[in-house]
Structures are given as C-alpha cells and as structure tokens.
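Below: the structure, in structure tokens.
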Amino acid sequence: MSVTYIDAIREAQEVLLRDDPRVFLYGQDIAVFGGAFKATKGLAEMFPGRVFDAPISEDAMIGMAIGAALQGMRPIIEMQFADFSSVAFNQIVNHAATHFYRTGMPVPITVRLPSGGTAGSGPFHSQSMEAIYAHYPGVVVVTPATVADAYSMLIESVHLDDPVIFCEHKFLYRWLKAQSFQGDGLPIGQARITRTGRHATVVTYSAMVHEAVRAAERLQKESGWEIEVVDLRSVKPLDIDTVLASVARTGRLLALGEAFPWGGVTAEVVSRVVADGFHLLEAPPMRLNSRDTPVPYHPKLWASHRPTPESICDSLRKLLSY
Amino acid sequence: MPRVAIVMPQLGESIAEATIVRMMVAVGHKVTTDQEVIEVETNKATMGVTALCSGVVEELRCEEGVSYTVGTILGVLEVSEEEVIRTGVDTLESLEIRRLHEEKIESTAAGEQNLHFAVEAESYEEKVPELMPTIRGLAVPAGTMGAHYISPRMRARMDEMGLREADLSAVVGTGAGGRVTVDDLEKFLDYIQTWPSSTASPMRLAVADAMRRSWTRPLATVGTSVVLDKLLQHRREQEKKPGLTLYLLRAFALALKEQPAVAGFLIGAKVVHPRSFDIGVAVAVEDGVLVPVIRQVDAKLLSELVKEYDDLVDRARRRRLTEADTKGGIATVTNFGTFGLTWGTPIPLPNETLILGIGAGVKKPVWSEELSAFVPATEADLELTFDHRVVDGGGAGLLLRRIVELLQKPESL
Amino acid sequence: MTEHEGRQTQRTGTEYVRAMYVAMIQARILENKLSSLYKAGKIVGGVYLGKGQEAVSAALGAALIPGQDIYAPLIRDQAGRTAFGEPFIDCARAYLGSSWGPMRGRDGNVHRGTPKEGVLAMISHLGSAVAVVSGSLFAKRLKGELDGVVGATCVGDGATSTGAFHEGLNFAAVEKLPLVLVVTNNQFAYSTPTSRQYACADLVDRAVGYGVTGHSVDGTDFLACAAVIGDAVSRARAGEGPQMVVARLLRLSGHGEHDDAWYVPEVIKAGNYGRDCIDVAESQLLVHGIMSREEIDAIREQAAVDVQAAVAQAQQEPAPDPYKEVWHAWSTGRFYAEKE
C-alpha cells in the first residue's frame, strides 16, 4: 500500500483533530468539499463543529486564528494557494509574528500554504513564499520534501507555540508516494542528508530536493561525480551546522531553490556558509533559483522557469570545474 | 537646591530640531508643573515646551529665532527637594551620574549638553568620510589554517598583478598558520618600491615562465667526461667546419633513436614517445635564451645539417625565429662551454624530459691503456639533466655512455 | 454588579454612568499629563490622545466586564481602558519607557495591552483588530464559553475604509458573534476629511450591508452615549449578533501631539460636535442630580494626585537594558542558535 504527500497532510490533520480538542481547521471550501486539493477530505464529517468554511477573507482568516489562539485554541488555517496569503501578510507578520515578543503571550497558529508550481498554474497559483515570511522574526517556516516529513512536521507545527508557515508543495501532493507515513522522526530545525557525496553539496528544500537527487544521479552515471544533497526541511530555523559539515567534506556548494532569485533561502545559505565556512570553500558558492520573472503560464515556459535536472547539472558542472 | 532641565522635545517622528518662537517666561519667574514656558515651531506645527515640575527659572540657555536640536537643554529650573520627590523628575545632577555610566556626552559648539543624543560640533552633512582603499589591512578569518592557503581574494590580487606562487617566496606571511595575506604582499611591494628596479623584458618573462613550469618536476643531473680529440681531428678535416654542438646533436639523436623511451614525456599515466627526432639548440640572445629546433636530426648527416643549423642560429640571434622554428622538439642541446664554463646543471624545456649540456674542452692528462701512461687530451664534461619521473639514473647513464661512444666515431655522425 | 450563574452582569443605570464619568475625568487628566510630558521632552515616539472621545470610549469600557469580555482599544481609548480597569501605572510605564510596563519597552504608547486579561495589544494597521476579537469570540463558542460574553473594539472613520475592517466585520456577521464595533466618526482621519474617506451618506448605512445592527449616537452627549452604547453591548451579550455603533464627534486635539490640527475648519470646531463631552457630562450629571459638584471636584482632585503619583513612580523605574534583553522572537527556546 502506498500513500501520497497529500494523504500525509490529511492524515496528520485527522490525528490532530482526534487527539487535541484545541485544534480546529478553517479555510475556503475545506468543510463538505474537502478542500481544493482534498487535503481535508472527510474531516468535516468525522469531526463535526471542528472544520469550517471561510469567506474569501485571508486577512480575517489569520486575524481570527490569532484571536482564537489567544483563547488557547490551536487553529490550522488552509490558504487555498500560497499566493493568496499576501492578502493576509499584515496579520501574519505584524500581528502573529510580533505578539510573543511584544506581549509574552505566544500565538500557536499553523498556516498551510499550498506552494510551488505545476504546469499551467500561472503567476498566482505557483508562488513559493517561504523567504518572505522567514524574513520576519518570530515565525517558523517549514518546507517538507517527503511524505513522512509532511506528516510529522505538520503535527509538530501544531504543537509548537510559535506561528508556523507550513509550505506544502502542490507538485508533490500526488506525485510523491511512500510506503508509510513513518519516517526518521527528525524534529523541525534539523536538516537531513538525503544523498551522500564527495565532490559538491547541493542545499535545497521541498520539491527541489527530488530534482537535485535526479541531477546527482545523472552526473554520477555520466562522469562519476558524487554529489551530496542536503534537505533543509525547515527554512526557519535554518540548520546551518549540517550544511557546513557537508561543505567541509566537499568544498563546493550549490544552493538551490524554486523561489525568485533576489534574496531568499539560497542567498541566506550562501551568505552563512561564506561567513562561517570561508576556509572550506574550494570554489565560489553558487545559487540556482527560478528566473527573475513572475511564474509563466505556458507549460513550456514554466518548465524552463524553475530549475530542472538539466539546469542543475549545468550549474554543478560549472561548480566542479572551478 | 536641586536643578531640573527644560528640554527641547521631539515633536514628531522625523523632527530633529525646532525654532524658538517666543520666550514665555524670564529668569526669576515662578512656574508651575505642566505650564508652557517656551513656544517653538517645527515644520509641522507650533507648540509649547512645558515645565516638568514647579520651580523658579534660574537660567535660560536659548534665544528667540534660533533653532536647537531635539534634546538640547533650553533652560534650568530651581526646584525644591519636596517637589523633586513628588514629581519623580530627574535633576541635572542625577542625570549626570547616570550618563557617565551609560554614554559619553559631547558638548555642542555653544558648550551646551544634549540629553538625548551626543551632538557633534559640525552638522553631519559637512563631514565627508575619507575613503580608505579596502584592500589594506584585510582581516584574516580566524579559522584559516596553513601557510600554503591562498584565499580567493589573494588569488584575485595575484592574478591582477600577474604574480605566481613562486613570486611569493620572498614575502613573509603574518596570517593564520603563517600564510601570506594580501596585506603582507602589499607591504612587500611597498618595500621594494624603495629599491632601484627595471621592467623585465618580454624575453626575460618568457624564460622565467618556462623555467618555473619546468621546475615543477623532479629534475636530476648525471654527468661524465668525453675525450674530444678524435672529434676535433675530424672537424679539422672538414671543408664546412661543423660546430661542436652539431656533433653533439647528431650523437644525441642517434642514441635516442636506439632508446626513444628515455625522451618520453609523462602526462598522468601516459608516456608520450617521440615521433620525430627533432632536437633543439639553446642559443643565447640578449636577456634570454631561444631554442630553435632542427628537424629529423637522426635522418640527416652532419654535413647536411650545417646549413640548417647556421641559418637557425643566425636567425635566433637576430630574433627572426617563427613559432614553427621553436615548436615540437623532443630534447635540447646546450653548449655552455662557449662561455668558458666546464660543467653545469641545465634545466630542460618545460615540454621536454631531457637536456644535454657540454662544457668547454680542457687540456688534461688522460690515462691511456695502450701506452700505460697519462697522455695529454682535450676533455669536456657532458651533463644530462632529466625528468626523474620518466627516467632513472640508469637509463640516463646508458644514454650518456652511448653518446660518448658515438662521439669517438665522428665519421659515422 | 450581581453574580449570575458564575457570569458577571453588565453595569446599568446610575452605577454605569458614574463609572463612565470617573473614567472620563481620569483619562482626561492622565492624557493632559502625557501631553505635558511630551512637550517637556520626556516621551519619545508618538502621543495620540482621545480628547473629545471620552464619553464614547468610557461608555464602551464601562459596559464591558473585565475578566470575561474581550476588549481591543484603539488609539483614543484611554477612557475605555481606564473604565475597563487599566491602572494608571501601566499607561505611565508604557509612555515613560519603564521596563516594568506590560510591553517591557518592546512596544510603547497606545500599542500596549494585556492579552491574558482580555485587552489586546493593538498593531498600527487599522482595522486588523476586528478579526482578532471576532476570532477570540469564535474560539469561546467552540469551547462552550461564549454565553454572556462580548468582544468589543473601536475604529475611527478612516479605518472603515480598510479591507481588514471589511473582512473582519463580515466574518463576525457570518458567524453571528457577539461583537460590538464602535466607529467614532470624528470627521478627520489625520488631516483627511470624511468627504475623502467614504461616499455613503452615513457610515451607519453600512450596517445593513453587512447584515448587522446599526446604531447612531451624538458622541458629545454623555447620557446619549450611555444609552445607545450600553444598549448595543446588552444586545450583543444577549445573542443578537454584531452591533455597530457610529458615534459622531470631533477630535479635540491634533492627530497626535506633534500635530496642531490647523486643517480643521473653525466652523466645525464651533459647531455641536465641537462640544467637549466632559463639559456636557458634568452639566448633565448635575442637572439630573446623579452627582454633586463636590463629588465631581473630589474626583478631579484625586485623579490629579493619582496620575502624578503614577507618573512620578514610572519615571524612576529602570529602562530596558539592551545587554540583558533576550533578543529572540520565538517562544520555542531550542530554536535559538547557540552562537550568534
């Protein structure tokens, strides 16, 4: 029997609703309809009075979550697409993220953002917003790449007292399968070495982990290069120690991400490695992101907008030849 | 009597100063808590500065029509002890003590103290910072180890200046683990500025580069002596007198033809063998050396080589060699005897494994087996320097011995 | 106040208006002191006063039940805060930068709150509190604790233009929550007159659009505020859904103390809404025999003494120490990096 990434998210919410009376779900079309991606399928029936349909009011959705959290609840808010969370930006970064710092009372909300592109989804259904939220102090930003991580990290996110932005990747929803939800139980804040190697390190997260592994296998077959892939798992807090240990072994770094090129997670990784691991570097650290345009609609354009195994291999070849 | 300040407030987020419009009190006046005492104007509004507590105006330190920065003390009130306790205000004295622990206070040009900020004498815009070149005094990352570590930045600097690691040999490293920092390099360059210098010619730089590259290999030299009399006799009998170097060239080529592996060139795990016995001749030119190459020395007789040899040497001296003239040699011959030197340790070209050198012929007593006596003969030292990765002493020795044998039969050359 | 099944009940009648008046006077004296401290250079950052709004604010604050209701005061709600039970020392500490205040120096002035006691700490983005108060009420309903509880917040005429206001009120209406939303229409949002802020004839007309009950009141009329706002709070408490009260008045100070409101036309200042609600309150209380002159004077004097004492105390308290601060915004300790 195999389970998908979206199954993991659904199952985690079921477990949370079952085991913790403080949890409730709030989002557009999530009750009877089960959610635009069926992430909450059947949950409204299983848990009456715990799963609610929201009006199209992202600002109010987060505002109400904050108010509910202040009353001791643990709401999970589903944004229909990550792209729409920008309407709630103020409530997330100015209200939820600052509340503990300002008042000493934490706001334990979890905001699920279906993130990342799929062919034909276009500029407003494809964004990766982890860097925007990670920029603000007080937020936890989580980017699971595996079925087991989607399951365990969602449960852990709801248990955390800090506001969590849970960036789940839409492409992985049905494409990624596993034998079960059980994984190695790594906590939020720790990265994982997905594939070991000797010649270069690729640091990445979410769907790009899989593209990186594909690229690594291609390079190994082609010319014997052994590429190490590090899955950050959570973007904030960032496990830079695991990254540095990897670069200490390989001396070469490629920071890879699907988000836009200006700033962001890849820039953060490179800057920290250069600052703390300068003497480890054999070659200038590289970054590979999407192109510096909005995410295009046409599948041919989209396929070349984000990093692919080909473009990752190209970057790695350049890195290895320095 | 305790003294309490009347202070210029911050009347708006971006406000840095305000202008005094009207003094509403004078020295000696009694004021009450919250009474407006000085009217000021900002670019947003006009309002009154208030007294923090009741007291008597002891001093006014401002003038109408003048602007003062936020935090400037505009006046001083004399206040009773009871009033201080009742209102909880800071007196000038208690503020002084607190500030000394917390921050430095700088006096303005007018000698006033500012309670909010340290105020500079001149306004901020007038101070133009002196731009320091960033390459000086570059800090070394504490974690860097090893004297051989050249940082990315150091490399860039070296590239900029056309330097190689060999050029750093004279520079003492003060960096972590003894490495040479950019700062060390700059200091060294500054230092040698004070010495007389000249610019190296392109010829000089070319030779320097070739020798530097050659020297990255483990080179060894072996030598023997050769009696030249038979050769000299042969030469006297020729019409066109071939130079000593030419005899050496022929002997070298023929010996190599018998044992071509000795001239092999090593790349990784591959030994590249000569495909044509083209041998170069070192020609001294101004400020350097040129090495024209004679093609197929094994296939041409001595007499046939004279013209080619003379022409190449002549053109070399006149700096008229083409790239084709100097490319593709498999070994080189050098005659430093022409300078009067008896022995030397020549360095092969960077793309060759062997160089054969001969010193000046010297009259010496040499043992003759036949006559069982020492007889006078002209003897010269013959050295072969080789890349020890490809050739060992034994192989070099065999080659040299063969060359000596061939030189005793000049008629076969 | 009487206990009723563990739930306290709302103040009414004489008790209610007396509580209102005391809070108004205390707030006015406290804010005059803040203004004076600001002009003496003792306060850094903005000072926003509720001068002219005391009747509206106190009417709401005095109708709410501390420890039970949820209150999100905005920038001109000192009277409401005081009526709801905020001690003067909290206000003094927040403005004078004492590290012992509720925000410990990390936020200041009107951005203070004590969420554990049901007073939300506002953020500067107007309208954003509506959804938060509503969310707290929503949660109380899920926990079965909503009976007899009210959540209240205030906005100005300007805030009704924000998307956050719209989304929050719509949500409260859809969920039929006991929200009391007081809109103080003081004719100006900073320098912007209402003719540039909205196109409907009267803000209360929007209530119908949202599906909530609308009320109008003259914000300068002390007794009218008590009647209308007290009633709105009772209705919400009784389960009649969100109540929107639009109170018309005039800001009697600048937008902040750095502003002298030169843009407010004299004719408006001289009109009905330019009246000082405290003067109106006093004359109404005296006329109706609710309070005597002596009582009023005694309240004023005591307020002045208490305000002065709080201010004096706060000024002597220590400022936050940057070297002792915990410079992290997470509550999850294990996320802090061991080395900076």
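Details
The letters A, B and C name the chains in turn, as written, and every chain counts its residues from 1.
We adopt the following convention: a contact is a pair of C-beta atoms (placed from the backbone, for glycine too) under 8 Å apart; a residue touches a chain by one contact, two chains touch by 3 or more.
Source: prediction; values computed, not measured.
With centres computed from CA atoms alone, A is the chain lying nearest the middle of all the protein shown. Pairwise, the chains sharing the most contacting C-beta pairs are A-C. Centre-to-centre spacing of chain A and chain C amounts to 40 Å, using the average Cα coordinate of each chain.
A separation of 46 Å divides the Cα centre of chain A from that of chain B. Centres computed as Cα averages put chain B at a distance of 69 Å from chain C.
Residues 24, 49-50, 54-55, 57-73, 87, 90-91, 94-95, 97-106, 137-138, 140, 160-162, 189, 237 of chain A touch chain C in their complex. Per the touch definition, chain B reaches chain A in the complex via residues 141, 143-145, 149, 151-152. The part of chain C that touches chain B in the complex is made up of residues 32-33, 36-46, 254, 256-260, 262, 308, 311-316.
Considering their complex, residues 278-279, 281, 284 of chain A touch chain B. Residues of chain B touching chain C in their complex: 6-13, 15, 33-34, 36, 42, 44-52, 70-71, 85-90, 115-116.
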